Amino acid sequence: MKEIINLPVSKIEEEEYHINMGPQHPSTHGVLRLLVSLQGEIVKSLKPHCGYIHRGIEKMCEKDTYPQVIHLTDRMDYLSAHINNHAVCLLVEKALEIEVPERVKYIRTIMDELTRIQSHQLWWSSFGMDLGGLTCFFYGLRDREMILDIWEETTGSRFLQSYNCPGGVMQDIHPNFQKKVHAFIKTFKKKIKDYDRILSGNVIFENRSQGVGILSKEDAISYGVTGPSGRGSGWSCDIRKIEPYSMYGQVHFNEVLRYECDTYSRYMVRMQEMHESMNIIEQLIDNIPAGDHSAKMKAVIKLPAGEYFQRVESARGELDVYVVSDGNKTPYRMKFRTPSFTNLGVLDHISRGMKIADLVAIGASLDLVIPDIDR
Amino acid sequence: MTFNIYDFTSFNRWIDEGLNSIMSPTWALITEMAIIGIVFLLFYAIVGLFLVYAERKVCAFMQNRVGPNRVGPYGIFQTIADFIKLLMKELVYIKDSDKLLFNIAPFIVIIASFMALSAVPFAKGLHAIDFDIGILYVIAVSSLGVVGILLAGWSSNNKYSLIGAMRSGAQIVSYELSVGLSLLTIIVLAGTMQFSEIVEMQRNGWFIFKGHIPAIIAFIVFLIASTAETNRGPFDLAEAESELTAGFHTEYSGIKFAFFFLAEYMNMFLVASIAATVFWGGWMPFHVSGWAGFNTIMDYIPPLVWYFGKTAFIIWLMMLFKWTFPRLRIDQLLTLEWKYLLPINLVNILFMAFLVLMHWHF
Amino acid sequence: MNSFFRYFSDIFHGVKSLLIGMSVTGRYFFSPGQIVTQQYPENRKNLQMFERFKGEVIMLHDINNQHRCNGCGICENNCPNGSIEIISARITGEDGKSKRIIDKHIYHLGMCTFCGLCVKNCPSNALGFGNEFEHAVFDRSKLNKVLNQPGSSIIKGVE
Amino acid sequence: MDNDSLKARILEIVPEAQQEENKQYLTILVPAAKLHDLALKMKSTTDLAFDYLICLSGVDYGKQLAVVYHINSILQKHTVVIKVKTDDRINPSFDTVSDIWRTAEFHEREAYDMFGIRFNNHPDLRRIFLEEDWKGYPLRKDYVDEVNIVEF
Amino acid sequence: MSAESLILFFIVGAFLVGIALLFSSLVPPTSTNSQKAEAYECGIPTEGITWLQFNVGYYLFAIIFLVFDVETVFIFPWAIMMKSMGMTAFIEIIIFFFVLGVGLLYAWKKGALKWE
């Protein structure tokens, strides 16, 4: 009290109001710390502080063999665990010049898209929760449960499956797999209408998200904001289209693009992507060819010396694996270019001049996963 | 048509005379007051605990969940268990906080809701104080609660709390207007501010039917504004948990936190009961003029059931709001009030006045 | 005048969208049959896990208390976290040759990340995943398990 | 643009550049002093138009420390890998490219954090994951970890 | 009961809070340390002063509110008398509302109702 009274008026105005959002904050979905400078309710600038759950995955990779690396990639972006596995497997297969069986490609693609749907479902849930609509959270998680059950039946795990392995997948799909995926798609197509009713069309939601957190296409490219966040700015950055891998070259799907560049458009891109993912799954699920679930691999996988780079489209954006190999069974250097880490960089830029409530909405619309940032 | 089996006036008189016959008038008054105090205290606690339980169950059902189901059958003792737990919690004090204001804040919040409760008529003759300016009194007293919230936020020496308190101040101060004006619409129709008279006037039809269009508009506006005034979602900016963790009561622990919680639910009960009283006839049964048989059957349903039924329905509506909508932003909140609700309200009052003038109401 | 009409159409559409939203939650409120909550400790009896569920790593024993593990140590090498320790012993077989058998197959459940590499790479299919998932214990040391049951021996012909 | 003409164009800008063998992308080793100049031209020249920095990775090659830039052109749809190396392991430094590609800001901080590579003119070069008082740079090959949990 | 008994409700309310606070400050075990007494800011020590001069936006609304709330008080007596006074009251309130409405419109156009 006393200090304020003694302060000269001009001094008080200069003083910025610093407030910490995180590490223990409901809206950061983990342990991200944002040091926000406020003026009233307006965000002047913010500084992200990450590293609270940095586990040094890249360092650990240097000690692990390639099959062992995969279980670590699960733990980067735990919501698109399967896609992360897929990236490493693709890289290893590319380096060894192995052609995986068609069946594997089908399974991997379907699994990838299921991952994308469940990731977006969880994102939708937490987006609703961040905006204060707590019911969304439960609806999203409720429907996500079906995908987790499908996974559990086939891979044995609900969350961090480690299902991919270099050359193929760990186990063949469960006999019930196709039936259950069909059931899921049928159910979810109904449920997603509820999503639209309760949040997408809601006037409060529209006002909260439209015109908030404008990220122009140029900025998106310069900041490397990929994935649905980048596509919400009209940047066609879908690796599934640019450098198709697995079955993506052969299925028909639209790259969802929107041009409003705001939180709403990022939201709508993800909602549309769930439809597209279901579309992809529907094209593949009945046509999984018979065959082996894995290519013949040597017991010890050694990558020829050289440098390899693999891009895949994870649920949050472009996930790249960069490996420098010296011919050993462990990678010499393994770098993951994770989408959340890169997308975090733009948060300061697009949330300036917005309100605290907008900051929460923007953060949610970028769909940051903290372990993906910290690795 | 009078139907007085549920009239509590004689019951009150009986107690009053009985007490006066056995003791001096002063002591009788004191005893009466003690009885009323204890009754209201119990009522307050029971309604508060029940509402917390009800909200948990209601939101659980809306979210495809079961809700509390561990303590007692269907979890009905969950809130009691929570209350005991909170009572046994340590009260944490924050250094550099303004201790006096920090401690006073829960008092103000509770007292404001308590005093506002005193004017609510539960049934004929069953009300503590029947003011002739009942509505004005309730509006005035219930808005005292914002002082408590402001003090709580300010004294905590916490940035989240301070922002929450400021938001809450701007919010409640704004929505105060709409609450007042929407009630005024009905006062124009009723011509009185006394709750008992207002209820009595709805004997042959609730005001929401009598005043038709303007009354319905006023009811909707009142519902929105009162939801905002009780700091409930989608207007829970003061405690916006995804932005300000817990807003103004971030630093409150144990039973002090419980009091803010309790006061929020009691305020919800209060505005619901006012809405029920002013718009939906309070404890008056539902009557359709001309259907004598139907009306008689309705009369047999006790007024307390009518009253609590209507209140519960409005509380349910408010819960439906909270568990459906995302939260508004502070500027949208104020836009809603100043650019939508307030002009609509002003026009609505004129409309109602015109209706009254032309005798177009029923 | 245009903005005047937009003012009212805004209100109309806003209220409409809010009512649509409320219809969703309202519908679920009145259909308690759709509740998805699993009452976990109560439904323990009829809780059926999927057969592939990775609850813990177990060593498969047949009814004669025999397993297929010969203690080759491939699982130990494949484990990324070092959660498997093999303590082998040497015995003299019936033919007089000294051979290696498993003494203790120690499995640190607390360190296991259920990547499945040990099970996948086991050459004699001695390991598998069990469905038990209630692993909570009060003492961390209880998470270190010996997988081969006491008194068990290796199935003939596996080594 | 195919790899050969890309290489020719880059050699035009930086004659000292050398090509490194890589099956996937055209990989070019650039002297550290020319890096910023090259990056600027690569972005601004219309036929190159490298506007998207995919990935920036620090690599410890044993003797040398290197930074590897994977750069992509959205319009021209070509990708190039630019590498800069330094023998200076005590105080390695390169020019920042964060003024050209904003995404480099965070990635350079990561490289600084993990490899100790300084980036000149970087707006906010602090450790990003580790604490400010962390000793050493963990991803370097000569980093000794006193408390290694994996090798218990 | 008469209006004086309001004091009763005041006392009962204060009693309820007071007794619970008393109980809660005496019965539960207490412990203090410097970490516990920190203001909660997501686990990070607070930087700078909390009690700062705050945005004028909040106060602007308070001022507008004050104007309108005082007007509302004037409407209350009119509302009660409306029925009995009839046309006169109606014309009076139209004039009154016109003035109010112009004020609101002015504030609206001036941007005073815009949150900044």
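First chain written, first letter: the chains are A, B, C, D and E, and each begins at residue 1.
Following the convention adopted for this analysis, a contact is a pair of C-beta atoms (placed from the backbone, for glycine too) under 8 Å apart; a residue touches a chain by one contact, two chains touch by 3 or more.
Note that this is a predicted model, so its numbers are computed, not measured.
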* Common contacts of chain B and chain C? -> A
* Asked: Shared touching chains for chain B and chain E?
  -> A
* Structure fact -> Hop count on the shortest chain-contact route linking chain D and chain E comes to 2
* Any idea which chain sits dead centre by C-alpha averages? -> A
* Two chains joined by the most C-beta pairs in contact, as defined above -> B-E
* Distance between the centres, which are taken as Cα means, of chain D and chain A, whole angstrom -> 25
* Asked: If you average the CA atoms of chain B and of chain D, how far apart do the two points sit, in angstrom?
  -> 64
* To do: Please report how many Å separate the Cα centroid of chain C from that of chain D, as a whole number.
  => 41
* Structure fact -> Listed in rising order, chain C residues that touch 2 or more other chains are 18, 21, 24-25, 36
* Which positions in chain A touch two or more other chains at once? -> 1, 17, 19, 25, 41, 135, 142, 198-199, 202, 204
* Asked: Counting only residues that touch at least 2 other chains, which ones in chain D make the list?
  -> 150
* Asked: Hey, which residues of chain E end up touching chain B in the complex?
  -> 1-3, 5-6, 8-18, 20-21, 23-25, 27-31, 34, 36-42, 46, 50-51, 54-55, 57-58, 61-62, 64-65, 68-69, 72, 75-76, 79-84, 86-87, 89-90, 93-94, 97, 100-101, 104, 107-108, 113-115
* Structure fact -> The residues of chain C that touch chain A in their complex are 13-14, 17-18, 20-21, 23-25, 36, 50, 52-54, 78, 80, 113-117, 120-121, 129
* Asked: In the complex formed with chain A, which residues of chain E make contact?
  -> 41-44, 47-49, 51-58, 115-116
* Asked: Touching chain C in the complex: which residues of chain A?
  -> 64, 67-68, 70-72, 74-75, 135, 142, 145, 149, 152-157, 160, 162, 165, 170-171, 174, 194, 197-199, 201-204, 206, 299
* Touching chain E in the complex: which residues of chain B? -> 32-33, 36-37, 40-41, 44-45, 87-97, 103, 106-107, 110-111, 113-115, 117-118, 128-129, 131, 136, 154, 156-160, 162, 166-167, 169-170, 173-174, 176-177, 180-181, 184, 187-189, 191-193, 245, 250-251, 254-256, 258-259, 330-331, 334-335, 338-339, 342-343, 346, 349-350, 353-354, 356-357
